[in-house]
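The structures considered in this document are given below.
Next come two complexes built around chain A: one with chain B, the other with chain C.
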Partner chain A sequence: MTDLVYPVAILLAGSLVVYIVARVSGSKTLTGAVALIALMLSGYVMYLLSGGEGIGPPVPFKGREVFVSFELNGLAIFMAVVSLGLAAVVALFSIGYMHEKNIGKYYALLLMMTAGMVGIGLAADLFNLFVMFELMSLASFALVAFEDDWEPVEAGIKYLLLSAMGSMVALLGIILVFTHTGKLSLAELQGTQYALLLKPELMLGVAALFIAGFGVKAAIVPMHTWLPDAHSAAPSGISAMLSGMVISAGLITMIKALSVLHGIDLRLVLPALAIITMLTGNLMAWVQTDLKRMLAYSSIAHMGYILAGVGVAFSAPGVAALDGMRGGLYHILNHAIMKGGAFLCAGAILTLIGTRDLKEMAGIGRKLPLVGICFGIFALALAGAPPLNGFISKLFICKAAIMLDPWGFILVVMVIFNSLLSLFYYLPALNKIALAPEMSEKVKQAPDHLPACMVLAIFILALLTIALGVQPQLGLDLVQPAAAFLAGIIQ
Partner chain B sequence: MTIATPLLGALVVLVVGMASERLMKWIAVLVSVAAGVFALKLLFSIPAQPPEGYFWIPGIAVQIGFNLTGLGVWVAAIAGCVGALAVIFSLKYMESEEAHYPPTRYYFFTVLFIGSMIGLALTDNLLILYLFWEMIGFCSYILIAYYYRDPKAVRAGTKALIVTRLGDVGLLAGIIVLWQATGTTNIFEITDLAQRGDIPLFLLSLAGAGFILGAVGKSAQFPLHVWLPDAMEAPTTISALIHAACLVNAGVYLLALTYPLFLMLAWWGPVVLWIGAITALLAGILALIEYDIKRVLAYSTVSQLGFMVAAVGVGGIFASQFHLLNHAVFKALLFLCAGAIVHAIGTRDLRQMGGLGRKMPLTQFCCGIGVFALAGIPAFSGFWSKDQILESVVMAGDLAAVPLIILIIAALLTAAYSLRMYWMVFAGPRPYEKEAHDGPWQMSIPLVVLAAGAMLLWRAVGFYSTQALAGMEIYNLHELTLPQLVHETLASPLLIVTGMIVVLWVVFGISWSKSGKVLSAEGAWADALTETKFGFDAFYRTGVRMITEFCQGLRTWQSGDVNYNAAAAAVGLLILLMLLVTT
Partner chain C sequence: MWSAYWITVIFLFSLGIYTLIFRHNLIHLIIGIEVMAKGLCLAVLVGGAQHAGGVFSVSQAIVITIILIEVATTAIALSLVVAAHRHTGTVDVAALRRLKG
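After this line comes the complex of A and B, so read on.
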């Protein structure tokens, strides 16, 4: 059981193979299939490593020649399952969505990005954590600017600049920790003997550096400004990955990094940031007319909800910490499913009518009932309507948040009120797509069928949205160990 | 079983609907009738021990159980039976629309709607109640917006969902507060704890306010009543469902269910009473000047719900639930009558109707019974329950004096607008010229059944009170037999109100038939009132517009310039540092 590098290594090797396959064969179906196989293989190895029967005690691993330090724990499994799963669905969707041109680069980058996310879950020290974080980021810059057009390139550069700034700030924090303690290992730093080496004032500074640095990737307001451009300009499958998982991975990185700071009081900061983030996201989404941009702003709002759960975990003792973390992680899982699904629907519509403008989508739901219905399910789940999955995780978050003193009640009301706000833009969008009086010109001319793989990808996510809402236990089995692990290390 | 039948049935309807629309419709009828029968069966044999619940989410210990007290079972039975009749009525009523609108969507959501309402009434768990609460909200959105080619319908559906969800913010927050305070979401356990004083009063107040907000939204009470009149854009059968069976009853039911919980709060009852009274009055006035037959009925529902809510406020749980039952029957009857009329002549404007009595005798007869019941004419069902409500307000003492007067005025208004509506449709100065006739049997059977109900239901009060009290010891109610009801009612001074209603009818009847003119709102003030509806709509619209403008303003902050973006991130870091240092 010392081979924890394999899940990441398989993905990295897979990205090479995929590129070669694409260059040799030039077929996007074959390339996509190879990418899918790599993802599945990585998942299978992860399953073997975890002992096949779930999650055992943490298993550390240190490579001898190369400095790789991984640890298998609940969080690693959670990250692997969610990112590999979403990547697999996106890979399936992209077979139909992407053009043949540059398809090799696309899948190679997708696998690389996924490798970074799996690595973030596994990383056992600050150095590896940062490397994996950067691996994910680098792949995502290239993917945002993937299409040869001014808008994606501009968005990609903006994303790159801001992320580089954030990474630099976060790296500064890591350096500060390292110079004062001489240690990088998370487990060692979480022990008490090193806590004394960091002075309280320094710890505050490092905390600010971590929150602001990784907060850029996690799209916490006011570090969120790159997100609407990047998420709307990227290919839709990548938007789904970015919104569904990459920003959440940024947050996970932030939590892991913050776990080395002992006894730091984030009681005011994180819930306050959560409220600002969800309000900004929802209010900005309210006035958008571009479907993907609207979904992108809504992702910011959802980061706010997740941050509310995580913030509770950082501020409250014992049970509330576990509850808060569970709510936050469960929302990460659900958000990956429903926002991923919503972006894939947007991508399907974009393929058909060639525009992201909501006004021109009138009646697309009648042309393609399945996409319309699935989009309805995703939109309602995002707005927190029971019995869909978004409701369950928001409920967990509220349940935990009410225990927070003295912010609890305000935080709960803000979360619920924001769900109401989100209806103000989801319902008009839904009305436009499903209940419009007349089809628009573009919709009338659009073909009335989609490649089967796109429909299948959307359908899988819609099914999961309903299943996790009706039977939350399915997701809890995955989330609970991860939440227990994270709640344990931040105490 | 009762819950599962319509919920699973809805799925069957959806699947079959893809294959065959004809078969799907009959399955929908079968499912809804079965649900109605099961609910009725439950009513006649309320088990002493509710069946075992099961754990839904083990991680946070949410247990699904059943609430088989009389309160819930009756609401479920109403939903099941009225729902079944409405679905039968739809067979014919919706036929002409099927070329333009997908019938599968209609039947799927209608059956789901009924099933969710039954589920809501039969659960003992606040979270599950909230789940069904949202589901009926969503079904109503789709069904109100069913005629999607009409932008007004889509707007109305959206408005209904958003306004009711505004109330749900309070409800969910209230549930979570109670959950945190007691560690359970079982309504009976929470009530026990509250009555023993184990819940801090502050938390109880928060929850109480939240629950009022939720009920006000769902039951279309002041000041969130604005969505119900607009919801008239729905197919008439759906209006009947919303008003009589499925949607608006939920709020009254919630208040009645949680009344013992908030007994400790001195302010809770009076606030509920006042909300009910104000709603009853405002809606009564608007019903009197409206010209759209369905909107008249809508305002009348709002007003009658006000009566029920007011009754809960003074502890008249029995009166409010009895009125809920009667109202469900006669309002469903009136809506289906309106549906038959609209189906026959194709307009909803009262001014274009008149003299329809000769052409549609059956509809006239049934509608007449409904109007009698609504106005509270003695010997019809509405009379008895409305009297019970007023009586319970009288018993509340001096504090309730002003609301009592308001309610009496509202009762008189009820009589006036219901007679006016009946007059304009069936008598009226300008007879309707074109061809019109009663509907076919699919439409007539529900009418006759409901009319019989509106006429005779009050005779079942003994049975009702026995059943309604099953398992409700905590409510401190006493059983009421039929002779007692008659005695109480006839011995009460409130008979004067009834007398006034009768006199009002006679005076209006004579003067209108002499002058050939109906009491109609004339003059600028009335037009303005019809138009503005006391300005609530404008108020909310302004609110939404202000937020939208604020958002537009917010957009200028997101200029897309990388320099500003970087600056924002830097400022974020500074703010973080400051926050961390100061705390």
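After this line comes the complex of A and C, so read on.
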């Protein structure tokens, strides 16, 4: 009766409807409104499926075959809420930001990408997980290269080639598991019966394939090279989606895939990768002069923080699994809000003055106080300033990491050190955009108003940044079931 | 008997990776990804055939889905190559080195 396919199917059907509406009407406001309705409808169906309030026991999808299955659990709700919410804000922002040309394709691809992310949360078998992951990836390739200019095209090709290679490598891992057990269902593979069929050496190889393959999308450091190009070349709304949710969805896919490997020892690997990732991201962000590129490198650093929480959960399953996962997932939620907001601010500034160069942006906060103040809030939250949400989730991550015996201390020190490091580039940017009194030439000539929907989108995210900072319980109610589910499956 | 199939799988997959690493023509790179995917299709079939009880029919369905995903990826990749050719006049990856830092 309650078919779990609906939330994904509504979004996919919606992408078709949106395209037709755009072709018939040619109006971007109407198209954006239809896309918003599709997102809300999908969210409403998700709410109905979850039984209205709270999250009941997992509801398995009555699959006719062995290999297409969905399961409703805390993680699915978490992914649906975060990705649908961010997509709705981005859809609202894009009504003002995008041009009328090709608007139907833009919203259709945006809905398709969101469908993939909702599907990643719901998927209950390895291959279905891969298909949803690819659905998300395919839409994001097309969205990165949406504007026909040399920069988006070059970034898109880099992104596509690296991602496609990563997908193939991860698929090889899935196929190795399938070959040795004959099963794909996550629940069955997590049971001890099939775990014994995988030899320890094989598990290590499969884990390497999963980390390398899905790690390309999650921008873990040796595999991160596509990210700064793709995030800065994409339309700003899409940068917010990519940075806020797509890379996190890649990491969630990786965790779900790794959960089928029993008793695998990732004690050193994930925390070490986390440290390298956050250091590289912050150091590279420091030297950037392009605002969107700086934010993109900062996303790599934030993936490092998230990976630190997740790595702790994998390293000490008995003690700190729940705490580590909670820190990691809460940071995913907060990162989606604050980095999404920062990219939307960058998009608003780009619309006004037509450049992403930080030097040209001096004084924009004097001209448009709301954008300046909101960017200030996002920058401080990203750097981890105390009353805002970024601080709370970093605190959770540190609290979990300290429980990890010999390595925890180093991890905590690195997280704190990196937060300080990120101040070195967030403060100058904040100073230029929000505080600088004298205006540059371009800012003087810029118009002094923005479309209302863009301002509203930025304002919603800024409000959430503050709300989750002063009242963390709001976010924890969402994160806790998802963290409990993930901590349960990684053993 | 299975080892002959597995050797073919490994050969196809390595050929794809070799192409992706050492070739400079964008079309060749896309063909490399295709070859990797075809190797994996064979791997799914061989892996499924080793099990009893309807596993082989699952692997047939998986192969069709993998082919579907590959076609979509290739279509997007080729459209990007056309766009790159319009902007740079060549399909060499060396022409795509303007983004740095």
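By our rule, the second predicted complex is superposed on the first by the 482 of 491 C-alpha atoms of A that agree within 3 Å, B and C clash if a C-alpha of one lies under 4 Å from a C-alpha of the other, contacts with A are read in each partner's own complex, and residues count from 1 in each chain.
Here is the rule we go by: a contact is a pair of C-beta atoms (placed from the backbone, for glycine too) under 8 Å apart; a residue touches a chain by one contact, two chains touch by 3 or more.
Remember, it's a predicted structure, so these values are computed and weren't measured experimentally.
**Student:** In the superposed model built on chain A, check whether chain B and chain C fit or clash.
**Tutor:** Superposition check on chain A shows chain B and chain C fit without a clash.
**Student:** Quick one: angle from chain B through chain A to chain C, Cα centres, nearest 10°?
**Tutor:** About 140 degrees between chain B and chain C, seen from chain A.
**Student:** Give one of first, second, both or neither to describe whether A:V412 is in contact with chain B, with chain C, with both, or with none.
**Tutor:** A:V412 sits against chain B, while chain C stays out of touch.
**Student:** Would you sort A:L48 into first (chain B), second (chain C), both or neither based on which partner it touches?
**Tutor:** A:L48: touches no partner chain.
**Student:** Looking at the overlay, what does A:V24 touch: chain B (first), chain C (second), both, or neither?
**Tutor:** neither
**Student:** Just checking: does A:V319 make contact with chain B only, chain C only, both, or neither of them? Give me first, second, both or neither.
**Tutor:** Touch partners of A:V319: none, neither chain B nor chain C.
**Student:** Quick one: is A:W150 in contact with chain B, with chain C, with both, or with neither? Answer first, second, both or neither.
**Tutor:** The answer is second: A:W150 touches chain C but not chain B.
**Student:** Kindly classify A:T280 by the partners it touches after superposition: chain B alone (first), chain C alone (second), both, or neither?
**Tutor:** Touch partner of A:T280: chain B, not chain C.
**Student:** Once the two complexes are aligned on chain A, which partner has more residues of chain A within touching range, chain B or chain C?
**Tutor:** On the superposition, B touches more of the residues of chain A.
**Student:** Report for A:V269: first if it touches chain B alone, second if chain C alone, otherwise both or neither.
**Tutor:** first
**Student:** Regarding the shared-chain residue A:D229, is it in contact with chain B (first), chain C (second), both, or neither?
**Tutor:** A:D229 sits against chain B and chain C alike.
**Student:** Just to be sure I read the superposition right, which of the two partners does A:V131 touch: chain B = first, chain C = second, or both, or neither?
**Tutor:** After superposing on A, A:V131 lies in contact with chain C but is clear of chain B.
**Student:** Chain B to chain C: minimum CA distance in the overlay, Å?
**Tutor:** 5
**Student:** Share the list of chain A residues that count as touching for chain B in one structure and for chain C in the other.
**Tutor:** Chain A residues touching both partners: 157-158, 161, 165, 228-229, 284, 287.
**Student:** Using the touch definition from the top, list the residues of chain C that touch chain A in their complex.
**Tutor:** Going by the criterion above, the answer is residues 13, 16-17, 20, 26, 29, 33, 36-37, 40, 43-44, 46-48, 50-51, 53-55, 58-59, 61-62, 65-66, 69, 72-73, 76-77, 80-81, 83-84, 87-88, 96, 98-99, 101.
**Student:** Given the complex with chain B, which residues does chain A contribute to the contact?
**Tutor:** So the residues of chain A in touch with chain B come to 157-158, 161-162, 165-166, 169, 204-205, 207-209, 211-212, 215-216, 220-223, 225-226, 228-229, 264-269, 272, 280, 283-284, 286-287, 323, 326, 380, 385-387, 391-392, 395-396, 398-399, 402-403, 409, 412-413, 416-417, 419-420, 423-424, 427-428, 431, 434-438, 472-473, 476, 480.
**Student:** Which residues, counting only chain B, touch chain A once they are in their complex?
**Tutor:** Touch residues, chain B against chain A: 56-60, 127, 130-131, 134-135, 138, 141, 145, 148-151, 154, 157-158, 161-162, 165-166, 168-169, 172-173, 176-177, 179-180, 206, 544, 547-548, 550-552, 554-555, 558, 560, 562, 564-566, 568-569, 571-573, 575-577, 579-581, 583.
**Student:** Note which residues of chain A are touching chain C in the complex, please.
**Tutor:** Of all residues in chain A, those touching chain C are 65-67, 127, 131, 134, 138, 141-142, 145, 148-151, 153-158, 160-161, 164-165, 168, 171-172, 175-176, 178-180, 182, 184, 228-229, 233, 284, 287-288, 293.
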